[in-house]
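In what follows, chain A forms one complex with chain B and a second complex with chain C.
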Partner chain A sequence: MSGRPRYAALVAFVVAAIAVLAIFPRVAQPYYVTLVLPAFAYAIALLGFNLLFGTTGLLSFGHALFVAIGAYAAAVMTSKLGIKSFELILVVAGAVAVIAAVPVALLAVRYVRIFFGILTLAFGMLFHSFLFKFYNLTGGDTGIRVLRPTLLGQDWKELDKTAFLIGPFYYACLVLAVVLGFAMWRIVRSPFGLHLAAIRENARKAEYLGVRVRLFRLIAFLISAFYGAIGGAILAVNTGQADPELAYWTHSGELVFMTVLGGFANFFGPLVGAFTFIFLKSELMGATQYWRFFLGATLAVIVIAFPRGLMGLAGDLWKKAVRR
Partner chain B sequence: MTSFFDVLIGGVFHASVLFLVAAGLQLVFGVQRIVNLACGSFYALGAYFGITAVNWTSAHGAPPWTFLPVLVGAGILLGAIGPFIERLLRTVYKRDEAFQLLLTFALVLMFQDVLRFFWGANPQQLGNLSMSYGKVALGEVSFPTYNVLVMAASLAIAVALGVFLRRTAYGRVLRATAENREMAEALGADVRGIYAIVFTLGTVLGTVGGALVVPTAAASLDMPVELVVEAFAVVVIGGLGSMRGALAGALVVGLTRALAISFYAELEVLAIYVIVIVVLVARPAGLFGKPVE
Partner chain C sequence: MSALVETLAVRKAYGDFVALDDVTLSVAAGETVAIVGPNGAGKTTLVNVLTGLLKPSGGVVRFKGDDIAGIGPVKLAQRGMARAFQLVHIFPALTVGETIAAAVVSQTGRSLHLFASLSRDEALWKKVREVAAIFGLDGKLDAQARLLSQGEKKLLDIASAFALVPEVILLDEPTSGVSSGDKHGIMKTLIDAAGRAGVKAILLVEHDMDLVAEYASRIVALQGGRVLADRAPEAFFADPELIASVIGKRPARRARSEG
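After this line comes the complex of A and B, so read on.
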């Protein structure tokens, strides 16, 4: 198959997926629509996460730090400062995350492999214990409420909470996911993205070829922090709460879980992973109180038997079908 | 002065338990190159099972003083799960370490519900058994004998591990495998067997650590994930894969935590991780670790 028809098929597929997501609130039960919101949030956060993991080859086990920063930015702005504009919240959340990521990244990019993972975990837990212990500033374990933001200046007062979330807010998130997804698509395919892939494949060789390895890792880290915070802000508006658990290392673990579930080697893997994870978790939680066990078992099966995730599996099946 | 001494003893006690778990973590990382997130789950399993074992023996008429050997025995008994989990991990030895880390994360999730299934969601306690050994007085300060026994036991295990790794033939093979797996295998070392034994030993260190802590603290479902946070701090401060590092790191973390809790409770975990980051900036490989790359 040559490049162009394949590209056209991809575009058609993406457009179809967006169309399905666009009509989803009109046809599905509200409960399922509210599930798509965290899936959007995680999809955006994971696009950033996978720029580090899938593209650059750095496994962060503390990425929930940036999700939490985004959530707390939304909480502080709506509850404490009275700023309700969602657009402004996104800008501030992203900016704060990038600023906070600078010292973390400066330290972390000196390491690779498991050491990078542990160091990022350390920073995540540092922030978690700050959120958890400094009650006066952060609300401690209960966190801070997130009030309903305005979208493009409109406050949607006539809608109740669910109607707001599955109505205007849903579409705002869809637009964000599409825009940020397209931006990431371009980033990964830009010379910058190719540099990152070269670093992943062989950092030393890339360095000999003149790639400024640490600088590029640093920039990738900052971009991924930005995406994480946008995801966190959406997540917080959806739940109406920002709490310290968002920064806990197990939440970071869930981010990695989702990425591997969908397939980190594929651009769309994290997106598929986010949606699958959210629906799987919700179904399991409805079915049994031991949902963690089955979630863990799913992860074990994926890791052992399908390391390339659902997208890898789909790719294999597709190839088989085409060959026949 | 007394209060300071209490803090010191509390810190060293905590460090002794942390050392056991961290030693297990280091052993497994040193030889198998796997960072085991499930070390906290083993620790919690040891704690819960220890409570059950002590309750069971005392219900069958065992005198109160037997609880310490019962706890240790319960921890060692739990080592039986080690080979099975090692068998599971064997499927990913040749994969990227991200997958190894994730598989142990899957174990964390699964163990969380195994604990919930057998022991329920409420925290479990052993009552005040630790006081049944009385107190040791040293001048005007006194502290529970139990705490001293645990510190001594932990120190003894540290020495025994050191002798095992440095002085015995098997320990040398083990270290050789850690150094260069292919070469050790080529020279006839049974790497498969070594991995199974090392992982089981790592498991036992974790379960015994957990069992020893229950006379002084409740066992809860938060235990596994909370312990990982401290155990990671220990190994990073000490240097990944180093036993001496585990000892030094455990003391640093245990004492820091004890001091922070008694003077400024807000800083508990924060203080530990500030130290972690300072150590990493000053000595990237940790206090006793080998340089990275």
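After this line comes the complex of A and C, so read on.
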């Protein structure tokens, strides 16, 4: 195996990507910079989603539940409780998501494949109904506003909304994405990650090798819920609003879409998927009112022609280039 | 000599159907006990009871003196009993090295190390290479399991069970699906590996009477869920009636078809 040079190339790619993202707000138009914010949010949420899907082999159709929990945590804390610290919001959002995930996971990890998917879907829709119906608590269909948080105690009053988002908030999100990305990279490559992969490949065999299948599925689920909520909090601050659509099943579907688009078998697939999806959607929405049709067609082409997603395609091209 | 594994009057019934009835047997250190019998004799049920997968309807099943009825494979692996399946169980997309490493991680109790580096764990990979070498898989550590030959998959399946450093290993037809020419080679590898890995006793479910004759130190014959015989190989093979009932054919018929 040509492990060393490949690893070096990978590190170079990642460093270059971070560098590009770091200088992006200085060189690009503000509109495109604001697009990177949801891409950061989804990238983080999908890192968690894919620990469950790509690594452990469990496809959740209700993962927007945790994104919504993160968003509503930010909304309630800033609008209703007057807590503006973004760091505190992240901690609370993550903690609430993990706590909410425990009962869902306890039930869902007993099942696999479609049964797992349907159960998670059901929980997602349950939460959506709750957000929709309990008007006094959740603001119903209009949701709750998310006020501008402080970053490390700074309130950035001198900046207008966009300047705040594409300035300090952008860099806070970049740091978060890098830190959480690195943490996930370690998790996937840890002894724990190996056992998750073993569960994905053959749960029965894994049990006989001493792998605690249900416990590990549960832990993976909780970690993915945490990542989802962090992504949700970023998303909510970016739009300034938390509404029930965040928990709707089509949003869960978008998470699956992005992951498949980028390639779930590759660690960077979901990240690539998140960025591609956000920019593709924005361009298509600007170009035609039939953008949903074109997004759907894109997914169909990807699934049929490149089942391993954009990263699978990139991997094949890379191999060809190296062989030459 | 105290028993490592024992069952006392074990009974397993599914509704009216009695799969195991009054099965009493024990396995002591140093033994290789073969469990034989025709299809439907209850071998698989017995294996599932012995590995804590099934809870018997009655009777006691013990491992190292502790009741293990229905404790499940994970706890059993932790206590020192490993199992290799009749059908090959592998992790298709994992490499040979990763498959064995998964067992070493369990055995060393490091599975909850969420942020530890697996690839830089030299001690772990040293063990992986040792186990792989015993089974002749050390040249294929980076090969994906799904790309191995059928015989190699079988060896990998068993190698990963050995990597748990079990005291007792249960081999459920380890040579099924392997060409007859390879059978002896695989059995020999297994028995040698068990000796080197410090396995104290082997439970072997096997159809092939040649292999049973060569490697078993004791033979337990099942029929209709009951223990038909529990004998040393010499005494077992001296009884043609017994052999016939175990293989499921009459020797006379075989003689006629050969003549």
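One rule holds in what follows: the second predicted complex is superposed on the first by the 323 of 324 C-alpha atoms of A that agree within 3 Å, B and C clash if a C-alpha of one lies under 4 Å from a C-alpha of the other, contacts with A are read in each partner's own complex, and residues count from 1 in each chain.
Here is the rule we use: a contact is a pair of C-beta atoms (placed from the backbone, for glycine too) under 8 Å apart; a residue touches a chain by one contact, two chains touch by 3 or more.
Quick caveat, the model's predicted, so the values are computed rather than measured.
A.B. asks: Touching A:250 in the superposition: chain B (first), chain C (second), both, neither?
C.D. replies: First partner only, chain B.
A.B. asks: Taking the superposition on A as described, I'd like to know which of chain B and chain C A:295 touches: first, second, both or neither.
C.D. replies: So A:295 only meets chain B here.
A.B. asks: Given the touch rule stated above, what does A:195 touch, chain B (first), chain C (second), both, or neither?
C.D. replies: Only chain C; A:195 stays clear of chain B.
A.B. asks: Taking the superposition on A as described, I'd like to know which of chain B and chain C A:66 touches: first, second, both or neither.
C.D. replies: neither
A.B. asks: Between chain B and chain C, which one contacts more residues of chain A in the superposed model?
C.D. replies: Touched residues of chain A are more numerous for B.
A.B. asks: Could you say whether A:122 touches chain B, chain C, both of them, or neither, answering first, second, both or neither?
C.D. replies: In the superposed model, A:122 contacts chain B only, not chain C.
A.B. asks: Based on the superposed arrangement, let me know which partner A:268 touches: chain B (first), chain C (second), both, or neither?
C.D. replies: neither
A.B. asks: Can you pull the chain A residues that chain B and chain C both touch?
C.D. replies: Common to the two interfaces on chain A: nothing.
A.B. asks: Note which residues of chain B are touching chain A in the complex, please.
C.D. replies: Per the touch definition, chain B meets chain A at residues 35, 37, 88, 91-92, 95, 97-99, 101-103, 105-114, 116-117, 225, 228-229, 232-233, 236, 240, 265-270, 273-274, 276-277, 280-281, 284, 292-293.
A.B. asks: Give every residue of chain A touching chain B within the complex, in rising order.
C.D. replies: These residues of chain A touch chain B: 53, 59, 61, 107, 110-115, 117-119, 121-123, 125-126, 128-130, 132-134, 248-250, 253, 256-257, 260, 289-293, 295-297, 299-300, 303-304, 307.
A.B. asks: Give the list of chain A residues in touch with chain C in this complex.
C.D. replies: 1, 183, 186-187, 189-195, 197-198, 201-202, 204-213, 216
A.B. asks: If you look only at chain C, which of its residues touch chain A in the complex?
C.D. replies: Residue list for chain C touching chain A: 51, 72-74, 77-78, 82-83, 85, 89-94, 98-99, 101-103, 105-107, 110-119, 121, 124, 142, 157, 160-161, 163-164.
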